[in-house]
Amino acid sequence: MSRLASLYQSSLGKKFIVAVTGIVMIGFLVGHVAGNLKIFLPPVDGGPGVGMQPDIDYYAHYLREIGEPLLPATAFLWGARLVLLGSIILHVICVIQLSTQSSAARKTAYASRKYSRATPPARWMMYTGSALMLFIVVHLLHLTFGAFGGGFEHGKVYHNLYDAFNNVLWVVFYVGSIGIVALHLYHGVWSLFQTLGFDNPDRNRGLRRMAAVLSVGLFVGFVAVPTAFITGIAKAPDHIESSEIAAHQQDENAVENEEKE
Amino acid sequence: MKFNIKVWRQANSKDSGKFESYTVDNISGDTSFLEMLDALNIQLTKNGGDPVAFDSDCREGVCGMCSMVIDGQAHGPKPATTTCQLYMRHFQDGAEITVEPWRATAFPVVRDLVVDRSAFDRIMQAGGYVTVHSGPKPEPNSIPIEPEVAEEALDAASCIGCGACVAACPNASAMLYTSAKVSHLGLLPQGDPERKHRVLSMVEQMEGEGFGSCRNYGECEAQCPKEISIKFIGMLNREYLQANLLDQANPRGKMSPQ
Amino acid sequence: MKLESKTPDAPLDEMWSTHREHLRLVGPRNRSRYRVIVVGTGLAGASAASSMAAMGYKVDSFCFQDSPRRAHSIAAQGGINGAKNYRNDGDSVYRLFYDTQKGGDFRAREGNVWRLAEVSTNIIDQAVAQGVPFAREYGGMLANRSFGGVLVERTFYCRGETGQQLLLGACSALAQQTRAGNVKMHTRCELLDIIVIDGRARGIITRDLVTGEIKSHSAHAVVLASGGYSNVYYLSTNAKGCNVTATWRAYKKGAGFANPCFNQIHPTAIPASGEYQSKLTLMSESLRNDGRIWVPRHEGETRDPNSIPEDDRLYYLEERYPRFGNLVPRDVASRNAKDVCDQGLGVGPNGRGVFLDFRDAIKEHGHDTIAARYENLFEMYSRITGESPWDRPMRIFPAPHYTMGGLWVDYNLMTTVPGLFAIGESNFSDHGANRLGASAMMQCLADGYFIIPVTIGDYLSRHETDDVSGHPALQDGVLKAQQKVDQLLAINGTKAVEDIHRRLGKLMWDECGIIRSKTGLDHALEELPKLRDEFWNDVRVAGTGKQLNQSLEHAGRLADFLEFSEVMCRDALARDESCGCHLREEHQTPEGEALRDDESCANVSVWEYQGENNTPALHHEALHYNELQPTQRNYKT
C-alpha cells in the first residue's frame, strides 16, 4: 500500500493509475457492448414463471444472479459497480491532477503553434473525457434509473431501448456520445500500453492498430443498437412478448408474490 | 531574400515581455537562421538598438545551446534539425517569421530568447551517472556488449539536451529527456547496479522541477532535432514501475516468525 | 623566465610511473581543505574537476555556457586513440608515441608524448566504465577504425559523435560530484582575470553573464581548461564562444605562452557561403579516401562542374603527389587548396573552395557502397549547402580547427605561474607543431583524469590551506575588471563587434594562416594596432553591464584576441623554419615542401609579457631527442 502511495506521488504513478483504471473501464465497455448486442438474439425461455423474453432482458436478470449461491444476490453486480465507480473516480482525480500539473508547467502560451505528431484525439482527451462524464450521468439517469420517464420499466431492457431509440434526438445523442468514447479510446488504449511500459517498436504498430480496431469496433457495436431500433431492424417488444406470454408472466408474478407473503 | 521577423523581447526574467517586429533584407538562402539573427543584431546595433539575445555556441547541431520556437515549432519547420542548421532557403521570400523562446515554467526566460535550462542539469545530477572514480578500471572487453544494445544506448545518448522536447510538448513535459538519460545507462551493463536509485531519483527530481506530465502525444519525438524515440519513455515507465512496484523495498529485511 | 620542464630523469617508459611514485601526496582528510578552481568544462575541465572532487578536493567549476555539457569538446566527431592493440596489428605505446611525435613534426617534448601514449589505454577503460557506448563488434568486443593516415587501427568511436559521448561521460561524473557538494558549478559565468598573490595563482575574477555581477573567487590552485584560440580567425570550426581570454589573462599575469603560431588547419570543411557566415563546419577527412579533389584548369570557368571535361579539370593533388594523391597529410592538402584558390581557380562563392568529387567513386564502387561509407556526411553536406553530393561535386575548403600552441607547462602541467595549471587544448604540451587525428580528446582526458589529479597534489602539499578571500588583490581585480567592462560600454561608436572580428579574422587568415611570410607577417603587425585602435574607438556595445549582454561578452573576448593576435604573428615571424602546420614561404623545398630547421629551431618558443605596449620577450625551451631522431617528411615518392 505504501508503495502505491509513493507511486501516486509522481506523475508517472498517476499515469499508471489512469492506465490501470482505463483497462478496467475498457473491460467494462467490452462487456457492455457484448451485452448490448444481445438485442439481435431471438427471445429465450426465461424459465418457469417467466416464459419467453428478450435475450437481453434475460441477460440483465442473469447479471443480478452471478455468483449465487456463493455470494448473495446482486453482490457481484454491486461489486462490479463499485470497482467501476472507484476506477472512474481514481481515473478522473488523477487526470485532473495531471492536467493541473501540466497547465502549471506552461503559463505563457505560444503565439504560434504547429503540431506535427500530437493527434487531435490525443489533444482532446480532457474535452472528450469531460464530455464522457456528462454522458455517463445522463446515460445512467436515462436507462438505469429511468429518470426521463417515457415508458421506462425496470428490468425491461429491450422495451426501454425500443422506447428510447424511437426518438431521433436520443439516437443522435447516443451516437454522438459513443463517437466521443471512440475518440477517447483511440488515444487512450495505445497510450496505456506506453504508460505501463509494454510498448516498444516491435509491438508499436500492432498496439496502435489494436487501439484503432478496438475504438472503431466499440463504436460500431454500440451504434448498432440505436441504429437497429430506429431503422426498424430490431422489432418492437410486443412482437416478442405476445399478450399470452405477458398474461402468463402476470400469473407467475402473482404466484411469486403469494409465496413471498 | 527579405523577412519580417516577429521576435519575443523580454528584458529579464521579471519583465512581462512582448513581440517586436523587424525587417531584415539582403539575406541569401545559404544563411543559417542564426546568421540571419546575427544580421538583424548587427543592423540593430548600428541603428542604436538593443540586439536580440539568443543562445548558440557550436553552430553545428550538437551542443544543444540554440533554442527557439520558430513559427510554432521547436527549432523551426525542418525535422531533425537544430536552429543553427536551419537555413533561410527553407522559408519563403518575404515571409513573416514568429520567433519565441522555449515556453515552460521549468525553463524561465532569462532574456529575449534565452531560457534557463538548469533544471535539466539537476535531473542529471540526481542520478544520470555511473559511480566510478578516475583510475585503473577493468579491461573493457571483459564485459562484452551486444553491438545492437550499444547502438541503442547510443541512440538514447545522442540527446543534446536542448530542451526542444519540453518546448514541443503540449504539456511541457521532460519525459523524453529524462527517459533518454535513464535508458542510456539502463541499457548498458555498467549502469545496472545503480538502475533502481537512478530512475527513482531522476524522476523525483524531474517532478520537482515543475515540468508537465506525459500524455504520450509523441510531439517531442517529432520535434526532437536528434529524433530520440518515445520508446525510451516506455522504457522509463517500465523501469520506474519495476523499481516502485516489483523490486524488493527492503532486500535485506528478515522473515518474521509465524 | 625560467623554463624548467621538470621532465623526470628516467627512461621514457618508466618516466611517468617513477614520477608518480616520487610526487608528494595530500592525505584524504586534508584534501577537503584545499579549494581548486577549474575553468572550462570540456573534456579536460570536466574530467579534471570530477576526478579531483572525487578525491576530496573542493572544486569550483566554471563555464560560460548554460550547462557544462555544452563545451565544444562535444563537437569532436572522429574518435579517440588508445594503444590497446586490440587488432593485433602491431600497435603499442611506442607506436602511438612515434606517430604523435612524427605527426607533430618533432616539436614536442618526448617525455610528455610518451606519457600521453601510455595513459591512452586507461582512458578507454575509464570511459567504458562510465557508460560511454563505444561501437562494438558482433561478438561484443570494442570496435576500432583507422584514423588520420596511420598504419594501425587504434581509434575508438561512437558513430560520428565520439566527443559528445566522452563529454557526457565526463560531465556525468561532474554532475555526480556537483550533487554530492564537492563541486560548485558556476554556469554562464565567464573568467575575466586571474589573481596572483605572492607569486602564486590564488583566484579568478568572473562575470555572471546573467546578472552582470563581477566577483572574485579564491582558491589554492587554478586549473585552466579553456580550450584553444582558433576563433582568432573569426571563421573556424570552433564554437562561437571559444576564446583566448583565460589563457591570455594568464599570459598577462606572467604565464609563458608557448608556440602561439601553431594552429592546425583542417582541409575538409564546408566553405563559407556569404557575408554573414558565422562559422565553418567540419566534414570528416575520411571523404578523401574516395573523393577526388580538383579545380577547373582555367581561370574564369563558368560551366557547370559536371559538364567540365576531364582535360579541363586540374586534379592538383594527384598531379603533384602521385604516390599519396588525395590522401596527403592535412597541412599539405590545406596548403595546396589555398594555393590553387590564390591562382584564381577556386570555385563557389568568393572563389574560396575546391571540388571534392565522388563521380568516379560512384561509378567504380556503385551507389550502395558509397552510401554505406558516406551517406551521413552527404546528408550533412546537403543540409548545409542545399546541394547533393550525389549530383554535383562537393565544395570544400580548409578551416582553422585546433591550436597546438597554448600556455607553456612543465611535466606537471603547471605554467610558469606557480599554482596555475593548464590542461587540454589550452596548454601546448603534447602535439608539437601538428596534431595527429583522434588525439585531441585523448590528451584532454589524459590530462584531466590521470595527470592533473596526481600532480596537483604535489603542488598543494607544499602549501598551506590559508584563506585569501579577503585579500585586497581580489577586490582590486574586481575593480579593474569592472573598469574594463565600463570602458567597453562607454566607447559607443558605430561598428558592430562582429565587423571588427571578421576583419581581424581575414587579416590573420591571409597573413598568419596556411602560409606565412615575413612580408605578410610584418604587414599584419602593422595593421593589428590600427584595428585595435579602431575597436577601442569605434565599436558599439549596446545595453548595460548589469544584464545578459552578448555584445559585451563578444567585445571582451575580441579585445583579447586583438592583443593575442600580435603575439601569434610575432611567433610566426620568429619561427624561422617550416614545421608541421607552420609553413614559412621562405622555407620550403623546391617542390614546395616544408623545410624544417632542426639545427636552430628544435625548440619551444615561449613568450613572456613585458607590460602594456612593450614587445614581449621570447624564450626558448630546447627539445631533446633521445628516443626518436627527427626525420624529414616526404609525401612525393
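Every chain is named by a letter (A, B and C) in the order it is written, and numbering of its residues begins at 1.
Here is the rule we use: a contact is a pair of C-beta atoms (placed from the backbone, for glycine too) under 8 Å apart; a residue touches a chain by one contact, two chains touch by 3 or more.
Keep in mind that what you see is a predicted model, and the values were worked out from it rather than measured.
Asks: Point out which chain occupies the most central position, where each centre is the mean of Cα atoms.
Replies: Ranked by how close its C-alpha centre lies to the overall one, first comes B.
Asks: Count the C-beta contact pairs for B-C and for A-B, then tell me which is higher.
Replies: Between the two chain pairs, B-C has more contacting C-beta pairs.
Asks: Suppose each chain is reduced to the average of its Cα coordinates; what separation in Å results between subunit A and subunit C?
Replies: 67
Asks: How many Å are there between the centre of subunit B and the centre of subunit C, using C-alpha atoms for each centre?
Replies: Roughly 27 Å, centre to centre.
Asks: Just give me the whole-number Å value for how far the CA centre of subunit A lies from that of subunit B.
Replies: 41
Asks: Could you say which residues in subunit C touch two or more other chains, in rising order?
Replies: none
Asks: Inside the complex, what are the residues of subunit B that reach subunit A?
Replies: Touching subunit A: residues 6, 19, 69, 71-73, 77, 79, 98, 100, 103-106, 170-173, 203-204, 207, 210-219, 221-223, 229-231, 233-242, 244-245, 249 of subunit B.
Asks: Show me the residue ranges of subunit A that touch subunit B in the complex, using the header's touch definition.
Replies: 3, 6-7, 9-16, 98-99, 101-119, 122-123, 125, 187, 190-191, 193-201, 204
Asks: Quick one: in the complex, what on subunit B touches subunit C?
Replies: Touching subunit C from subunit B are residues 11-12, 27-32, 34-36, 38-39, 41-42, 44-46, 48-51, 53, 55-60, 62-65, 81, 85, 87, 89, 110-111, 114, 116-118, 120-121, 124-126, 128-141, 143-147, 150-151, 153-154, 157-158, 160-161, 184-185, 188, 190-191.
Asks: Please output the residues of subunit C touching subunit B within their complex, sorted ascending.
Replies: Of all residues in subunit C, those touching subunit B are 47, 50-51, 54-55, 65-72, 74-75, 86, 122, 124-126, 128-131, 133-143, 158-159, 161, 164-165, 168, 171-173, 175-176, 178-179, 185, 187, 210, 237, 239-241, 273-279, 281-282, 349, 383-386, 449-450, 453, 494-499, 540, 542-543, 547-551.
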